[in-house]
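Please go over the structures that come below.
Same chain, two partners: chain A is paired with chain B first, then with chain C.
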Partner chain A sequence: MEKLIYEKPVISKINAGMPSKFGLPVKQKIISEIDGLAISDLMEKFGSPVFVFSEKTIRETYSEAKRAFETRYPKVQFAWSYKTNYLDAICSIFHEEGSWAEVVSGFEFNKALSLGVNGSQILFNGPEKSEADLTLAIENNASIHIDHFDELYLLIETARKLNKKARVSIRINLDAGIYPIWDRFGFNYENGEAWNAINRIMLADNLELIGLHTHIGTYIMVGSAYAIAASKLANLYVAIHRKFDYWLKYIDLGGGFASKNTLKGAYMPGTETCPSFDDYAEAITNALISSEIPHENLPLLFLETGRAMIDDAGYLLTTTLANKRLNNGKNSLVIDAGVNLLFTSFWYNLGIFPSKETSSFTEETTIYGPLCMNIDVIRDTIVFPQIKVGDQLVIERVGAYNVSQWMQFINYRPNVVLIDLEGKTHIIRKRENLETFKSLEFNPKL
Partner chain B sequence: MIITEEIKISDNGFVFNSRTGDSFNLNPFGLNIIKLIAEKKEFEQIKEKVLDEYDISDLTFEKDFYEFCALLKHHQIILQDNPLEFK
Partner chain C sequence: MGENLKIKIHDVISSIINSYSQVFFSKDKVLAILLVIISFFDFGAGIGGLIAVIIANLLAYYLGYNSYLLKSGLYGFNSLLVGLGIGLIYQPSIELYVLIAIAAVSTFFLTIVFQGVLGKYGLPFLSVPFLLSIWIVSLAGSQLTALNISERGIYTYNELYALGGNNLINLYNWLDSFISSSFLRTYFYSLGAIFFQKGLLAGIIISLGLLIYSRITFVLSFLGFTVAYLFYALVGIGFDSLSYTFIGFNYILTAIALGGYYLIPGKVSYLWIILLLPTVVLITISTQQVFLLLNISPYSLPFNIVVLSFLYALKLREKRPNKLIETPVQLGNPEKNLYLQSGNLKRFPVNFPVSASLPFYGEWKVSQAQDGKITHQGAWRHAWDFIITDKNDKQYKGQGDYPKDYFCFGKAIVAPYEGKVIEVIDSIPDNTIGDINTKNNWGNTVIIEHFSNIYTQLSHLKYHSIEVKQGDYVKQGQSLGKCGNSGRSPYPHLHFQFQSTPFIGSPTLEYPIGNYLLKTDKIALKTFSFPENNQHLVNPTINDLLAKALHFIPGQRISGNIRIESIEKKEILHKSDFHWEVNTDVYNTTYISSKEDKSLAYLYNDGKLHYFTNFTGKKESPLYWFFLALFKIPLGFLPQSTIQDQIPANLLFKGPIKLLQDFIAPLYLFLKVDYHLEIKNTGDILSADDIKMHSVLKKKIAGKESSKYNFSLNIGQEGSFEIEIIHKDIKIQLLCGNAI
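Right after this comes the complex of A and B.
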């Protein structure tokens, strides 16, 4: 006789008066494959946990963003935000698509150069630029986005020493109607600091002001904030022409577009609330086109969006290590991927899904990582089906920041795999091993 | 293991505890197990029946069974004075 399919016995308390607000689907979403490759095969080949990136999704997302802006504005250029994900293979895909590089450190600058990016197609942002970094940027004809006056004077001094002209832009912070205002980066618009900096730069023989840059924040949920920012930069752009009879080359609206992840504490899921590229494009380009800038002098529009461009393309595949029942009767799982690999789990309720059909019986579950630390909570509460030890799970939308901000802690960081357009897999960052660490350490006792 | 007198269990897996006022849902297999417990079957007897009918290893079932019993106790559905009583 054929045996029946087993499902563990469960009893769950009914909490009257707390119906689901959204009538969320009863059927559990399953992610059994990525770009046609089975999760089980990927994990058998590359181990667990493992990050997997889809080249197809990256290129599709890029095309969507490009179309949204290029159909509305004549001159658009994307610059890939290295800090969001600076794995060589990922950066190369964006560069192949036509992105310039947006870097925030000497390390990232050198990484971009090593990938063959022309120095003149690098935007150098960030508050930390040493004299050596500035020298590198000037020598390579990069566009240096000045963050503060000390940097401005260091740059003047460095350019003098090199007897070269530096191409610069200034970063401007402004009130775009969203809070908190990011006033720690750049020069303030409202109090006139930005205008003072512009005047100082225009007087410097060895600086060529070519652009204006702002980055109003991160995970911005309203396109209208970008419209305010674009209008304010357009005002400066026109004011510079009025005073100096000189048109700058570009306006850079930075990044900060929201990905479809759901922020902790959000009332609705990110998939429902997150603006589309079209929403952002409509707000930004309308503001520029309807500004006082004559159409024949419209600046090149730079966008440095990172998160919205890569988050959807990254997955983390993980294995269930244990089922545990907490003291209060709540179910919990331990998986083999911790918060050290998932920096974004601190602010997102990441989507976690089984990789195969499960029982239809779900209950509130806490999902813990494997670190021997109390903070290692991937999801505090998620309605989840019964999962067995060894079952494989998929965490979606982890492409941004996790593989640049991850920490090595008590175990090795895992393989990172790319699925190319032909469905072939490539390890794009190898799993660490003991030798990785031994090679960096020196023990005076031996 | 004794199911307390105040517990009422319907055939579709709905459980009501008239002492605490709490109500619960059982999944189908949980309903099967609680019925066997109500019939005062011992763990070994339950295990034998389950292993005979379901595609499951004895160790996995043992672990799940004890977890289930701990939940029943937590919800005051069964009485169990001695935590080592399950055997």
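Right after this comes the complex of A and C.
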């Protein structure tokens, strides 16, 4: 008989249901492997902590999203939101699947170009575009999404200097019946600011207006908000044709689709409450198809969803550093991955799971990161089984934003590994080392 | 002014010349000249024929009849035959030519009348006008006392001597003794008789002319005659009888008309010639008995009866024929018709007035194709069932216990082609999974009438989802309703079929889908094809830049230059400018014509595909290369996709091997030109970039590759074309764009 695992005795209050004489058993979910590769093997090979991405999941999620839209609407094009995750390997998978690039800075623009993305297949978003950035975009024939009037003036000026036509689209903010209204980006629909911008662009010599763009927010939990946004853009699309006898080429509904993560403060888990791609697609495409736009002039529909595309494909594997009981008697764990690697832990109650079988007895636990900072809390409260020092844990759904918004703090940023379709592993971003930093620093004292 | 006059003179000459060759359904100049010469074997009759032709063509011109038909000689050949026929009966005299002129006028009007009457049924008027006119004159003959019966034919040698001196007489004698076989002699006599000639020489010259004009026509003339000859022998009709020769051409003309001209030549058309000719013989013999009472000859009556009835009978076929196809575009030459058709059978729009697209958005899978195992059987075998599956080939998420779990359930169903909504049923509830409704078999259904006798039926739609009503006119791609699970549908799917009657559950019609993309590892465009089981299909999206660049508008002028160089020697062999113009002809076909060499490239563009349908004129001219380079280009957005087709072999092969192919073409095509287009970069869905394509032409002899042409194409933003062709050591560069 196998030796039973030793667990420290704990006394805890029973606060739910009728227990049996063995207490309140909970079936703890464990994640022992990713795409058939054991967690322990991965960590042995690539260290701890380590980000792991599953190519299979990425491609499956992409094709699910694509199917949801393409089977409902004649012309659909996805653009990969670089800021969500701009690791070369990840971007390349999306481009291979047919995604264009959606970038919000000169850096991202150049990154997309370096990956072989054709300039005309880049959508250039965001409120920050320098003259140099605009020049780069015009030279590469990208579609520039204008955010504000000052940018519009700069663009007119830049295009005139280059004596080249710029392909532009405008970002529009609108009331889609949700809170908060993101009015800091783009031109407002309801107060007529958008029309003002459209008139100026249509009359500008060097600008060719080709699309309308909106991005109503992030982590939108209702499809109907997109339906409102889509029908407002459709109205504008038809109105532009009425006034200028000109059909724009596309409508871009941005991103903001929720992933299956659970927001902090949510009553129900995200897996139960978040709309599926089908729900979003149904709302958006119905709004467009049933709009006034004649079906032969339906615009190309762009989607820039990032989070919902990649979140599920990313895992962070981490090791328990310490097991600690707090003053109030609550259990706590210290793991080797902190908030510097998990930016999304500020918004989500991330799912953290053991990588091997544990006992069925759980208690409320706080999980801390390894940083010497009070804010380094990964989970404030999680019902968790007994974990021993050295046990390996898996944090799921961390594919979006973490590897682009992570901070180097106190320690090196870890390896990022991709498991390809054949189950082979590849380091797609190497763990940093001292040289990484030395190479950027200059010390006048030495 | 001078230019105009030149064109007019040219038109006048071709209308006269073509009237001669039209007797053999041809516009071949060599054949025409030979026929003119033969007609003057009898000088008086030759003059008569010429007068008749000129009169008929002048009438057609001044009364304002169709100039294309006029130039083709179609208004003249009946009068010509009448002129020749009458000219042979009587001695040349003023009175005779007055009579011929009068007969030519009446024949011309009969031609117009029969063109109108028979044209309504899509039938040619053949030599019906000639028949009526010649009978009228023949019946009146005995009363026309001012005219003297011709004495020619009695003093053959005198006439020959007058024509060509001693040499001709020697040739005549030599031929007479050399060709001793009664079979061959009768064949040549019969051929000559078509032009009212009695000698062997005329027949030999005509058969030579036929051989030059068309190998298939030549073979057919022989085949028709042989079959009749054998049948004569079989039933024991006296063959050498004098009455024969003036009748025997019926068999030859019938064989030429039905074996290869009005129908695409092929094994089946040849077989039908063998079956039909005994009938022609019987009709000939019997009409002769009747006409004997009136003292006139039935002339070409049997030929007219059989050809017209057979063609008319073929037209009434309800099923789309794939054998005995009526020539869709008459190129005036059986070989050309055959080569064009052999490659074009699938892509030719004429056979398929309805070019349907898939009735849905995105990628769907064929779960049951035509002749399916489950329900597509018997009268309903030409139908398709479509579903949506995911990457793991599952058609539902979760357990699949509810219709909404199925990917296809609730997805938009759109009109496959424009038309009128004939029938809508929208009130049958969706079944629970596994259940079927056998009472309302077809469930919620839309039926659309696209064309007379071409309907589509879309069934098993979602309860109360249909957005159109009876009588609505829908456009292609317009939303009709949602995919559902009503009727005899155990799980959600779309049932799609063509049918020839407007009722729910009508038997299916075997009819292809106009164009779609077949997704395997690569994407291939299929045109007028039948999707098969388990195939994944998707509708192509149109690329604006391609659609614009390949939309050739009548009146549009294109100019550019060509440069031909030798790769090895690095020397320029040829360099020149060219100018083209886009036009449409009487058949509403668009073509590009070259100013420099008068070449024509016919094209077709249905909004989804551009294809060149034919090329006539100078080979290896700029337009010829343009034609080959842009032979078939989808306007859809399909990066890394391929398209396959075949270019008519006569456009790339020449010399003895092509002649050999001509002879056996109806039985077997061993010369092939494979066209393979690969789209490297279609720009993008917003058409912001140039489009790059690569195509390869492979010439194949009996399946073996003999040579290859590599084409690289670049289509720029302003609709400019850059074409580079590499063939062996030759590099050809062609640049062209819209001329301002």
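Heads up, the rule we're going with is that the second predicted complex is superposed on the first by the 430 of 446 C-alpha atoms of A that agree within 3 Å, B and C clash if a C-alpha of one lies under 4 Å from a C-alpha of the other, contacts with A are read in each partner's own complex, and residues count from 1 in each chain.
The criterion applied here is as follows: contacts are C-beta pairs under 8 Å (C-beta built on N, C-alpha and C of every residue); 3 or more make two chains touch, one makes a residue touch a chain.
Computed from a prediction, not measured in an experiment: that's the story for all the values here.
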Considering only the touch criterion stated at the top, classify A:Cys372 as touching first (chain B), second (chain C), both, or neither. neither
Which partner does A:Tyr73 contact after superposing on A: first (chain B), second (chain C), both, neither? second
Regarding the shared-chain residue A:Arg167, is it in contact with chain B (first), chain C (second), both, or neither? second
Partner chain in contact with A:Lys8 - chain B first, chain C second, else both or neither: first
Check whether A:Asn323 is in contact with chain B, with chain C, with both or with neither, and answer first, second, both or neither. first
Looking at the overlay, does A:Ser143 come into contact with chain B only (first), chain C only (second), both, or neither? second
Should A:Phe361 be classified as contacting the first partner (chain B), the second (chain C), both, or neither? first
Examine A:Leu440 and indicate which partner it touches, taking first as chain B and second as chain C; both and neither are also allowed. neither
Look at A:Gln121 in the shared chain and tell me whether it touches chain B only, chain C only, both, or neither; answer first, second, both or neither. second
Chain A residues touching chain B in their complex are 3-14, 16, 323, 325, 328-329, 359, 361, 386, 388
Which stretch or stretches of chain A touch chain C in the complex? 59-60, 63-64, 67, 69-75, 77, 100, 118, 120-121, 141, 143, 167, 210, 249-250, 282, 285, 289, 295-296, 300
Where on chain C does chain A make contact in their complex? 360-364, 388, 390-391, 407-408, 410-412, 475, 477-479, 538-539, 541, 544, 683-686, 688-689
In the complex, the residues of chain B that touch chain A are 15, 22-30, 32-34, 53-56, 60-61, 64-65, 67-68, 70-72, 74-75, 77
